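One chain, chain A, links the two complexes that follow: it is found with chain B in the first and with chain C in the second.
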Partner chain A sequence: MATATMVLTRVKVQRRFGLALRVTVVLALLVLAALPLLLGGDVWAQRISRAAIYAVIGLSINTLTGHAGQISLGHQAFVGIGAFAAAFMASRLGAPLGFGLAAAGVAGAFTAVVIGLVALRVTGLYLALVTLAFGLTAETTIFNWREFTGGGAGAFAPRPAVLASDHAFALLCLGVLGLVLYLDWRIVSTKTGRALAAVRNNERIASTLGVNVTGYKLAAFSLSGLIAGLAGGLFAHWNQIVQAMDFEFQVALVWVLMTVVGGLRSRLGVILASAFFALLPLTLPNFLSSLPWQPPFLNEAVYHVLPPFIVVVMLLVVLRFFPGGFGQLLRPATDWLAGKRKQ
Partner chain B sequence: MKRRQLLKVEGLMLRFGGLQVLNDLSLSVREGQIVGLIGPNGAGKTSCFNCLTGIYQPQGGRVFFDGRDVSHLPTHRRARLGMARTWQNLGVIDALTVTENVMLAQHQRAGYSALAGMLGLAGTWHRERELRRDAAEIIEYFGLEAVADERTGELPYGVRKTCDMAMALASDPKMLLLDEPASGLSPEEALGLADTLRELRDRLKLTILMIEHHVPLVAEVCDYVYVLNFGELLTEGEPAAIQRHPEVIAAYLGGTAEPTEPPEWPLQPEGAPHGTA
Partner chain C sequence: MGAFLALGLFQGAVYGLLAVGIVLVYKAKRVFNFAQGEFGGVAAFTAFAIVVGAGLPYWVGVVGGLAAAVAMGLIVERVIVRPLESSSRTIMLVALVGVALFTIAIIVLLGQPIPRVMPPLISGGGVNILGAGILPQQLILMAVLAVLAAAMAWFFKTDMGLAVLASSQDTRAAQVVGISPVAVSRLVWGMAALLGGIAGLLYAPVGIFTPGFMTLTMLVPAFAAAVLGGMTSLPGAFIGGLAIGVVQNLGIYYLGQQLKVPGAAELGVFALLMLVLLIRPQGLLGKEA
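Let's turn to the complex of A and B:
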């Protein structure tokens, strides 16, 4: 008896101590992550906003591909429509930012549900082709619709006075990222996550367990589209101008692949990979031009295609060595931080 | 006293292209019965289950469940009425742990909407804890505590099969459709299953329709048996009568039955006294 109690007490003490340690580590990491925002200038605030927007996009793809097992190669359409909707609301209607972002989310969700209806009929490779074709079509039609998007000149998306500073805007982007992270966490912790896992793995089994497969697929598409549209709205106000060329197919390709590289269903992995690919185009030219020797073929066009090239190479490495993405590498650390113990 | 019919099937017709899988199949299961569905491989037993649960849409015939015509209801709606099934090749989701699988099976009685769960509204946290506790009870009943947090994909066949059964029960059904519950079990385990099935019927008031090849189990536990051959009902009756039926013997052994000379009896329970043979 006595020994049992002692062991129990020791375990309790260890756990309490462990909890304090874990909280400290998490807080330290958060402070470390916040340093660039606190100490860095506007450039760092802009970079952090961009990284947060990319992370929201990554989580949008994670909802669809990671949770529901549906593929989308046309995510630039959802994000782009959200961006143009927000710009339209801000510059043409003079609506407050909140309404603009709401419109962006609704526009993205609506578009995604249309694709979702197709996804009820086709799966796998064919769905990839359908979404690919949809994204390319949206680029050349909706994004060049002069009245809505301003055509080639682009649509302006001015920020309200409160968010005029890059630091304030970065806080908004981080706030939205926090909200999306919360949604993702609740999804996997409730029946929604289990139902989506069943739909992803075996639709027949899911349906005999009472899961409305059609409903959950459409819900996943609409939620993913909502988050993507929201990210598009943030992107519009981040850049303060939206152009069709911001939403080319290769951008969508980078988004999908960065999510896989980060690790489907791994929030931390998706965020880290998204941040990396958000900052890559900004830092790559400077980095390459600072090298002592430059290959003769380096020019603007090469900078443009390097991120997709790099993400593909990383994808191959990831698929070969740790199929769960970076999230898999981080798992021991995240499990410890979340207080999960090994059996 | 005759008990109420829980499941009734009338004139089921199922065709895949030129292949007639089910032809005018009718059967009924009364409340509290354990009914067997037997027949040679390819007789259409699993296809019949797929029609009952709504996975296949038959070309003709009707399915009544619990007094309702469910012929045109989608699968998940039938499940919500209290129809649970297990699968020949297992109905577990490999990516989830045993606990998560059992909680997945509780989907329809979670008691909150998907949206409420996503937003993390007040009641959902409490319900999740309750569901987890219920799941733990079911897992304990089936002796799966040791593997509760293991992914089912990494577990041996027998354990996954038990998990499948636990899931069928976790959905709180009125009726269990079991597709070969004894496959992969040793003869002793299969007979042990008979006790489990009777306990489920008596304690949980469940009605059971099962596909089974293991004849001693069918003979032991079933109140009534339907024999399917080439998609048609060959015969029906009490297990004892079925075992003497010449056409059943022919269907199982192939060739024609010779009614004058009772053959070496393939459907006899092992250990039971042989008839005249």
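Let's turn to the complex of A and C:
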């Protein structure tokens, strides 16, 4: 009797200790992640905004590819439409930033619905082809439409006084990222998430279970478009000027690859991979040109193809050896932090 | 107007040539082959290095370029496609996008992103067709497309082609009657790479070419051509290619020149793709959606 109580107490104490340890580790990691924002000055505040915007884009692609099993190869178009919508609202109509971001999201979602209505009725990955063609059209036609985007000169997207500082803007970006994370979590843990999983695994079986296959694919794509538009709105105000050349077609390909490298359906993995690829083009060229010895084949032009090259190499390694991406690599650590016990 | 029509037809021949390779892989594997354009890119850059860089005869360049394309096809099959055989088609498409970007990056790293000029097979002035100057190279391209589309359509009637189709429908049942899935996979990717290589070699001398030229400008119309033709039909790919070329150029003529819409060619392709999926998702000559 007494021994049993003692054992139970010990287990309880160990559990409490374990919980305390896990909470401490999480807090320590959060503090560590916040350090660049607190100590890094404006440069790091800008970089963190960029990383957060990329993470929102990654989660947008995760909604479509991770949850619904469809691919968009023209996501830069949705981000770009959001960005130009936000810039239009801010500079032409003088609307407050909140309205601009809302318009950006609505514009992205609307475009996705129109394309999805046509492309998602057909079984297969036709959405990939249609979005690919749409991305090119957006780049050459929509983004060069002078009244809407200011043509080649670009559209301005000034920030309001409250968000003028880079630190305040970084907090806004992180806030939006939090919101999108919450959305993603709610999708996965409700009926919608289970229906999407059924659609992703086998459309025919899903439809025999009474799941509206086209409807759920369309819902996922329009939500993906909404999130992408929102990311575009943030991007517009981050850069304060939007130009057609920011949304070239290779960008979308890199985004898709980056999300897969992060690990489809792994929120932490997608965020980490997106942040990594957001910062790589900013830091890698400086790092390479500061090296004391320059390899003969390196030069300015090469620096620009190097980040996509690294994405692709990582993708091929990920697909071959750990298909779950960063999320799979981090699984032991995240399971422990979430308090899951070994079977 | 007539000139735009003729230019469109001959521009469409390249799309058709790429679309034939896309249809081949789709028929056999149910995969959209995003790397199809870069088979041509590799062939064109290898041939350029041999003919212009090393100064060797043209036929050496052609053989070398095609060999490089086929080697790439077999490597992609062994390193990427076969290990991912059991994963979803979504992942397979992402992997093939990766292959295309990887190839472009390698070409840029080795050869710098500068435009190059490849000498044509037959030099000399253009032929006047409906008021458009058509180069001898483009005439060759059209003839090769017709021959290859017919040859591929014939291939699927032979025992070997039927084996590929059988393996595509039910790999295990095909294996039971002695059709090796590995051999089929190698054959399909090798042939697709050869077709892509031919497209690249023939198209590179038509204008100047830069790294990624086949993927960045040719691949999307080629996919649209394949969808228009029905995704599984080789005559469809031929007709679809020419039709896309014509639609692009009519777009440039009506929208671009008269209404001053920027990017009229891309808009035409996108609109046609949407229209096909809306009205006739099984394409012109396809039997199934």
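We adopt the following convention: the second predicted complex is superposed on the first by the 317 of 343 C-alpha atoms of A that agree within 3 Å, B and C clash if a C-alpha of one lies under 4 Å from a C-alpha of the other, contacts with A are read in each partner's own complex, and residues count from 1 in each chain.
Note that in this section contacts are C-beta pairs under 8 Å (C-beta built on N, C-alpha and C of every residue); 3 or more make two chains touch, one makes a residue touch a chain.
Treat the numbers as computed from the prediction; the structure is a model and nothing was measured.
K.L.:
Evaluate whether chain B and chain C can sit on chain A together after superposition, giving fit or clash.
P.N.:
In the arrangement built by aligning on chain A, the partners chain C and chain B fit side by side.
K.L.:
Tell me the contact category for A:Arg121 with respect to chain B and chain C: first, second, both or neither.
P.N.:
After superposition on chain A, A:Arg121 lies in contact with chain C alone.
K.L.:
If you stack the two complexes on chain A, which partner ends up touching A:Thr208: first (chain B), second (chain C), both, or neither?
P.N.:
first
K.L.:
After superposition on the shared chain, which partner residues are touched by A:Thr192: those of chain B (first), chain C (second), both, or neither?
P.N.:
A:Thr192: touches chain B, not chain C.
K.L.:
Tell me the contact category for A:Val305 with respect to chain B and chain C: first, second, both or neither.
P.N.:
After superposition on chain A, A:Val305 lies in contact with chain C alone.
K.L.:
Given the touch rule stated above, what does A:Ala133 touch, chain B (first), chain C (second), both, or neither?
P.N.:
second
K.L.:
After the superposition on A, what does A:Arg92 contact: first (chain B), second (chain C), both or neither?
P.N.:
After superposition on chain A, A:Arg92 lies in contact with neither partner.
K.L.:
Spot which of chain B and chain C makes contact with more residues of chain A, would you?
P.N.:
C
K.L.:
Answer with first, second, both or neither: which of chain B and chain C does A:Ala219 touch in the superposed model?
P.N.:
first
K.L.:
After superposing the two complexes, find the smallest distance in angstrom between C-alpha atoms of chain B and C-alpha atoms of chain C.
P.N.:
10
K.L.:
Give every residue of chain C touching chain A within the complex, in rising order.
P.N.:
30, 32, 79-80, 83-84, 87-91, 93-95, 97-99, 101-102, 104-106, 108-109, 112-113, 216, 220, 223-224, 227, 261-264, 266-267, 269-270, 273-274, 277-278, 281, 289
K.L.:
State the interface residues of chain B toward chain A in the complex, per the touch definition above.
P.N.:
Touch list, chain B to chain A: 53-55, 74-76, 79-80, 83-85, 87, 91-96, 100, 103-108, 110, 112, 114, 117-120, 124, 128, 131, 149, 167, 171.
K.L.:
Taking the complex as given, what residues does chain A use to touch chain B?
P.N.:
Residue positions touching the partner: 182-183, 186-187, 189-192, 194-195, 197-198, 200-202, 204-214, 216, 219, 223, 343.
K.L.:
Quick one: in the complex, what on chain A touches chain C?
P.N.:
65, 69-71, 73, 115, 118-119, 121-126, 128-130, 132-134, 136-137, 139-141, 144-145, 249-250, 253-254, 256-257, 260, 297, 301-302, 305-306, 308-309, 311-313, 315-316, 319-320, 323
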